[in-house]
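Both of the next two complexes hold chain A, though its partner changes from chain B to chain C.
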Partner chain A sequence: MITASSQKLGLSKGRFRRAALSFARNCAFLLILCVFFSISSRYFLTFSNIENILTSSSVLALLALGSVFVIASGGIDLSVAAVMALSGVVTAAVYRDNPELSSWLALLICASVGTLCGVVSGILLALTRAPSFIISLGMLSVTRALAYIVANGAPIYDLPQNVTEWGQGTVLGVPGPVAIMLLALIGSYLILHHTRLGTHILVLGDNSFAAEAMGIRIHNLRTKIFAISGALSGVAGFVFMTRTNAGDPTAGQNYELMAITAVILGGANLFGGKATIIGTVMGVLCLGVLQNGLNLLAVSSYYQVLFVGVVLISAAMLERFEDMA
Partner chain B sequence: MSVLEISDIHKSFGALDVIKGVSLVFKPGTVTALVGDNGAGKTSLLKLIAGIYPLDRGDIFLEERDLSMAEAGSRRSLGIEMVYQDLALARNQDVITNLYLGRERVSLGGFLRRGEMRERGQQLLKDMGINLPALNRPVGAFSGGQQQAIAIARAVMFNPKVLLLDEPTAALAAREVESTLALINKQRDAGRVVILVSHRLNDVMAVSDRIVVLKHGQVLTDDPTGNVSLSQVVERIVS
Partner chain C sequence: MKKILLFAAALILSAFCLSAASADSGEFVFILKGRGNVFWQVVRNGIDETASERGVSAVILHTDDDQTPEAQLNICLTSIARKPKVIVLGAATRNVGIECFKKAAAAGITVADIDGNVTIDEARAAGVSMAFTVTSDNYGIGKLAAERLAQIASSPSPRVLVIKGLPGSIVSEKRARGFVDRLRELMPGALVVGEPDAYWDRMKAMNTTLDVIQREAQLDYIFSVSDAMTTGIVEALKITRKADRIKIISVDGLADARKAVISDRIESDVAQLPYLMGKRAVELAIDSAANKMLGQIEYVPTPVLTKESLLANQSPYFKYLR
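Moving on to the complex of A and B:
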């Protein structure tokens, strides 16, 4: 039974067991949170609030989906949120001057800016052989600064309505951001678990020498991985921009750490070789529910950050115990 | 007729000359053992042949085709495979993923053809007499001997002409050594050039047809195994 399920999911039995354990842990955590917040607030378990949780989690989900590829390969991308801000600002600047452009082009510009940033990171990694932590930290500064420069230090408001409809309207009854997130989720799942590229990404994180010795061009591969991460950050920028009706250079500050937290909560190994898309989405939902519930209970944002930290440390400890068991 | 020929190859790492003008010819269906003290250049020579290290000087020919400038991936696709001392396996991934690493069967869009890969992988392991309890377990969960067998199976899966083995029996228990030596014999019988680096001279004497002693990056002696005794080989290594 387990074997059949693991084959369908594209996971080996051992990985499937660990992924299933991680999934079960997240489900249990999510359930506990839902029960607690349902009892504590009568607004929590309402259709509009659930829709709100999903919509507000969509940006983080897109950033986490980008990050999971990098983390699965044994790297880290600290620039995802800054790239998201830059993508939104550049696109908003384009539409400020050309409001008649098609709204599809906005999505394309955001994704392209993000992809370009990812490719630059990948090329710098290949040229310098520096750790991804250092390069992405540098890219964080560069892209955040560029966002401020392009926006002249202030958010660019008043996007055309056909653009903001993506973030504020619905597609077949599903909020636009949620629909985009679902499409990205399906695409990411297929890439990581069912394609040669996904296999190479996991192998790179597992044993980079093995990947290189077997003829995988690891520098090209890293560039592709950062391009995927950048593209998804760009799409996150599109969602953020269309939801808030602004290209905001301050958008998503500290989201990079939230994205990494979600990936780790989802059972990924920070050193690579082990990660799942479903786990990552569960991690995002856990964080989304936690933040939403705490907001409903009017808990101070300082305490919210504290809770996120506690959850991450608890998840790391549980993971450690599971590995030892 | 030779399959592999290396001619006057040189390699330095900084000021250290690790290989100094080695020339050797390898015939099909033979097992050649490279022996020598630590630092003699055995593993470096294998990695130069596999393309892991680029040559400083010299030539490598595979069936008269010059591979001197080819990188590891190209040499692999042309028929030079290596089993590394640390096996170069992705330990969190399953057996089939490791067997096909770098050569996955895919359909349009790069989607893995898992069924086809599994079927062929199973057949190969069966043909090689390798019994593994489950192919969908991560390879890190298998014993050292089983991992060694997976690494050898991966190396021979696409019918290489040359098989390079770096310390294939170093970390194995006695029973696992026997099965690994049997696998090496099968490769010779299949007509492959097998080049073996090992410190375990009993294994070398048992399985090789030819013993090349390396010293300070140069060939000291090169004899058929039947012409030398174990003690003579030891003498040459420590001389």
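Moving on to the complex of A and C:
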């Protein structure tokens, strides 16, 4: 006899099975890439190269972590890279004129600018009821233009050393960008998987009518989601700025697409309701390992782009087989 | 209803105001690339200031970046409708350049190139008479960089990395080819360990350099075909603490790269003098509008900037450094 509780157990078992399969797929993919490059290049599996992969992937990982929340809720945020650029430029401009300021303030400014942009996106969504694709596309143009205006079109170079230490130094032996990425990963994981906010986000993505029926205030929730995305984009801007020692209005062109790619590669459903933080980071690492490995093998840029495309299509096919299983 | 009418009236009034403001058709139109690219911004400054000095009307238009040929073609077609005397184009691709020139020439507009993405011969082969091209000798730039390396190299067989720009970019390829060909002539024992593309992007150049350093622990020199990427390479060497060991030779000679040369973060920089390029483009455009000009090629000098030469302010071309 099927009772409500056994039904519930059946649903949980099914979801757990799908999540486990998705995790296993991500691991397998990453493992295959690592094994392939370890065999092809003796420089791949070294401590310094692994550290290099993690550091190089940190900016994209932060953007992807922000994108997870938006995609999980059934939306999309195309402005993440432009917000990242604006955050970096505003902060660099502040430090150009005030180099004596504490470096913690740089992180705060970046995150604040990003959060503000996210809140504006959320409010615009609530006011216009337009698709997030349209609003975020508009915000992409606005924030990118603001970045050019603040920077007067040119990168702002030569930040104080106490600021660039974050991107070029280490924290307890861990590269600064990796430490920031890990903290963001832990925070994002806890929010999405262990808070009511996270549950509401997934419910919204799964079924917005059900979310509304449950009493969830959709517009408030969307504003919070975009604020989180904006905040993480701002932190990504901080890492980008401190790594490259410049606030650059052209930073991150097309990174938004890579961030979305990493989220989908990690097993998220583009239409919402399904996303994992660990999967997303695995997606980012797959892209990072691929890029690093191809550079180590000195593969031509034309073929690098081809390989990335093939990997993405393969990942999509694997997910399809997994859904059919 | 009242609000709609008021809004419509405001819109119509704005349209008339804008129309009045842009009534000047601009005798000379300069269509450039990369709004965010410092090189093109300096070219723009050269055009702006020279046009002001000479009292001519110059309209300067940019694409968003170096990789939007279709957008540039649209800008060109729109510019033709304004019926300027001369259109000077920094073509995103050769094909777009030729397409733009054909349409402009058919409308009786004089056409010219800046930065050498369309050569006189290529235009002629497509049936277009170009008035002039003002450019740097990109192959020559590569050769100068190789000669500088040969001058400073402490061993006869250095290991060298070449960081190129956008895959397939003519400018990038010519610089890289000029460098590699000349290096092989001067230092047959030198080894070019790779020629990866970094898409004119700072972060990509940085990450690519970090990756290559993993396999090339004995790398001696990096030749970067543009300052925009070199700034990322400088940071990569700083992070890996190899700035003392690996020397960088760059191209463009932009302001921040010059600072880096003076502070020993870049060994030397082959300057393109984009300000002078913009200046000469205006002067030649004025001349071509007054007298029919056909197929004039002007190469802008490319001095090699070193710490010593910058501090001594040696070259007469340094006044064009911006």
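The criterion applied here is as follows: the second predicted complex is superposed on the first by the 311 of 325 C-alpha atoms of A that agree within 3 Å, B and C clash if a C-alpha of one lies under 4 Å from a C-alpha of the other, contacts with A are read in each partner's own complex, and residues count from 1 in each chain.
The definition used in the following text is that a contact is a pair of C-beta atoms (placed from the backbone, for glycine too) under 8 Å apart; a residue touches a chain by one contact, two chains touch by 3 or more.
Remember, predicted model here, so these are calculated numbers, not experimental data.
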Which of chain B and chain C A:195 touches, first, second, both or neither: first
First, second, both or neither for A:243, with chain B first and chain C second: second
Partner chain in contact with A:41 - chain B first, chain C second, else both or neither: second
On chain A, positions contacted by chain B and by chain C: none
Contact footprint of chain A on chain C as seen in their complex: 35-38, 41, 65, 167, 194, 196-197, 199, 201-203, 206-208, 210-212, 214-215, 231-232, 234-235, 238-239, 256, 259
Complex contact set, residues of chain A against chain B: 3, 6-7, 10, 12-16, 190, 194-197, 199, 202-203, 206-207, 209-217, 269, 273-274
Parts of chain A lying in touch with chain C, wherever the complex brings them together: 41, 43, 46, 48-49, 52, 55-56, 59, 148, 153-155, 157-158, 168, 240, 243-246, 248-253, 291-292, 295-296, 298, 300-302
Chain A contact footprint on chain B (complex, rising order): 50, 52, 71-74, 76-77, 82, 84, 86, 88-94, 97, 101-104, 106, 109-112, 114, 134, 136-138, 141
